[in-house]
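We just call them A, B and C in the order they show up, numbering each chain from 1.
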Amino acid sequence: MHLDHKDTFPERYTYSAAAPVRPDGTRRALRIGLGGPVGTGKTATVAALCRALRDELSIAVVTNDIYTREDAEFLLREAVLPPERISAVETGACPHTAIRDDISANLEAVEDLEAAVGAEGNGPLDLVLVESGGDNLTATFSKGLVDAQIFVIDVAGGDDIPRKGGPGVTSADLLVINKTDLAPYVGVDLEGMARDAKAQRGELPVAFTALKAENGVRPVADWVRARLAEWTVGPA
Amino acid sequence: MTLALPPRAVRPPAPAPPSAGLHATARIVARADAAGATRLPVLDGDGPLALRRIRAGAGQARVCVVSAMSAPLGGDRLALEATAEAGTALHVTAAAATVALPGRTGETATYDVRLTVGEGARLDWLPEPLISARGSDLRMTTTVELAPTARLVLREEQVLGRSGEETGALRSRLIVRRAGRTLLDQETAYGPGGPGWDTSAVLDGNRALGQLLVVGPEFEDGPAEVRLLGGAPEGQPGDGPGQGVLAPLAGPGALATAVAPDALRLRRLLDEAARAVTG
Amino acid sequence: MSRAALLVLADGRFPAGGHAHSGGAEPAVAAGRIKDAATLERFCRGRLHTAGLVAAALAAAAAAGCDPLLLDDAADARTPVPALRQVARRLGRQMMRAARATWPDPALDALAAARPRGAHQPVVLGLAARSAGLAPLDAAYAVAYESISGPATATVRLLSLDPFDATAVLAHLAADVDLVARQAAAAAERVATEGIDALPAASAPLLDITAQAHAAWPVRLFAS
């Protein structure tokens, strides 16, 4: 008898996001990563997405914090999802390692959430949001962990960030430029930012958001819906 | 041309030298009589290990181990066997600390404790500390065999050196098996010749360390709660009140582990654990 | 046997989750027990000869073909606090994921099926070494080295310790790593004739006590 873990779990261990189906043959949840510098509104975007989508989709969130579980605790306090749908990965002070170089802990967190939510009898998860702790402009998610990634910057960080580029700005599937409501106060030229982003990103989409505004997250939520629609009709 | 070879000194492999020390094995057997009371049909002291029966309450037998002389000395081979047969309750204490001392030959001494607890029986094994004196070299083993419904309370305390003295070499292994499976296996190795023991990962200057182990079927229903012992502020190596933790094992038992600057403060921590775990 | 496989397995960037763990260094730094290169070295020497030796021997025994489930039980018996058992199993599960992708082997699949929440990490690592065609001594080396490289890397982050000093600490301990790896492999070899008890059980009381305390910290940088 072993008292540390009486519960039994199904053996899962998919190697990575490369495997798009669950062991039972159904398509697994779409995994979207959210990264970006500190303070740009990643956690606020995750919270707003959960509120906007939770009535139509079964959602879970994995946070990658620098200090243990601060982002997870914020989401819990805001009660955007029930606690069993939020999981915090500890990163040893290096979130970018945990989302890019060594994704093992994140993959386990995603699988455990799929198992836990499935065990509640609420049906399978549709969407898992993986949030990175605030990091620098080079932090991107491994394709082994997520199917698509959103990079969040804000106007308060300066209007030269899109011009400077970096892997997050240039290659993220969606670039979110947040806090547009602050543009007049920080002297930022939004049209210039849009031009610079276009120059860096070509046809990849950019969304301007002001999360404080009513329905401010809508461009991001619509983008997520579109990704999910594509994902669901993909080959099983 | 032949080479002149020097005559080879042919020496047979040296037989294990007869130990200069004394050999002694003391035995205790507790057996339930027809009325369910615990009797002691075997209570055999030997050499330095004298056993004394103590008056006890109903249903329980108590024994005190009285050291008749200083032991173990280097080269001694001591053993103590206690069996609490099915349905008995046996409580064993000691009159004083055991001091490991150097012998004349510098040989290692051994002290083997073998405990067996039968179905529904309870053994309280609560000796006094083992003190490793400078220059001594002792290997101690404690092996416990528990039946599935047996209960055990076992305390083990080691003090490295008498007051203000360097420690001897002390190696001690505790193996507890329950229903044939190993529940706990811990070895400590301190003193001269043991690498890494006197470091911040192991003792950090503390000179007394101990364990309190409680095993019983009641832990199958709910593991013990984790409890930090001493509540001491960190960062006072060798001079603080010591620190410890009481935590559940992977099987039905709880173990308190504690380190402290001296035996007195160590006992305080283990007593705190005992109160917490027995309620 | 490919010795290069040992470099892959022992690489600090092998993606098996180790980067998020300090091996007890975080509480030791907080308590002032590690404050510079010299104190880091003492801490690492203590960990290597206790927890490191036990883990290295478990890995060597798994690489030698001992039953991994028996070794997993032996690891439980040698890990008295739940915080460290949980860490060992979590890291074992992550090691299993990386190992199955790197050196696929039915023996790894079987252990993963028997311990879906993870077996103790050294047991999984030893089995992975076996799958990679490595010898028990190789597995022991990988684990012994990891037992000190983890705290050293973490201390660089925790104290902003000069990384050259931290690496020099690892080099100073090379002879100790040699010794521990050989002891571990020798113990693993004795399991065939003497049983599991032949494996070392060296305990480090302060590592146990502080690991359990650290697990309850509300704010920390490392998972353990």
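Basically, a contact is a pair of C-beta atoms (placed from the backbone, for glycine too) under 8 Å apart; a residue touches a chain by one contact, two chains touch by 3 or more.
Everything quoted here is computed from the prediction, not taken from an experiment.
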- Message: Following contacts chain by chain, what is the lowest number of steps it takes to reach chain C starting at chain B?
- Response: 1
- In terms of CA centroid distance, which chain is the most far removed from chain B? A
- Message: Tell me the chain pair with the top count of C-beta pairs in contact.
- Response: B-C
- Item | Chain whose Cα mean lies nearest the overall Cα mean | C
- How many angstrom lie between the CA centroids of chain B and chain C, rounded to a whole number? 28
- Query: CA centre of chain A versus CA centre of chain C: separation in Å?
  - Reply: 32
- Query: Which whole number of Å gives the spacing of the CA centres of chain A and chain B?
  - Reply: 54
- Item | Multi-chain contact residues (two or more partners), chain C | 76, 82, 85
- Task: Could you list which residues of chain A touch at least two other chains?
- Result: 2, 4
- Note on the structure: By the touch definition above, chain B meets two or more other chains at residues 248-251
- Note on the structure: As the complex stands, chain C meets chain B at residues 24, 27-28, 30-34, 39, 42-51, 73-74, 76-83, 85, 176, 179, 196-197, 200-209, 212-213, 216
- Over in the complex, which chain A residues touch chain C? Could you list them? 2, 4-5, 8-13, 15-16, 66-68, 70, 89-94, 97-98, 101-105, 107-108
- Message: Looking at the complex, which residues from chain C come into contact with chain A?
- Response: 13, 15-22, 76, 82, 85-86, 89-90, 93-94, 96-98, 100-101, 112-113, 116-117, 154, 157, 217-223
- Item | For the chain B and chain C complex, residues of the former touching the latter | 173, 175, 181-189, 194-197, 199-204, 209, 226, 228, 234-235, 237, 243-245, 247-251, 255, 257-259
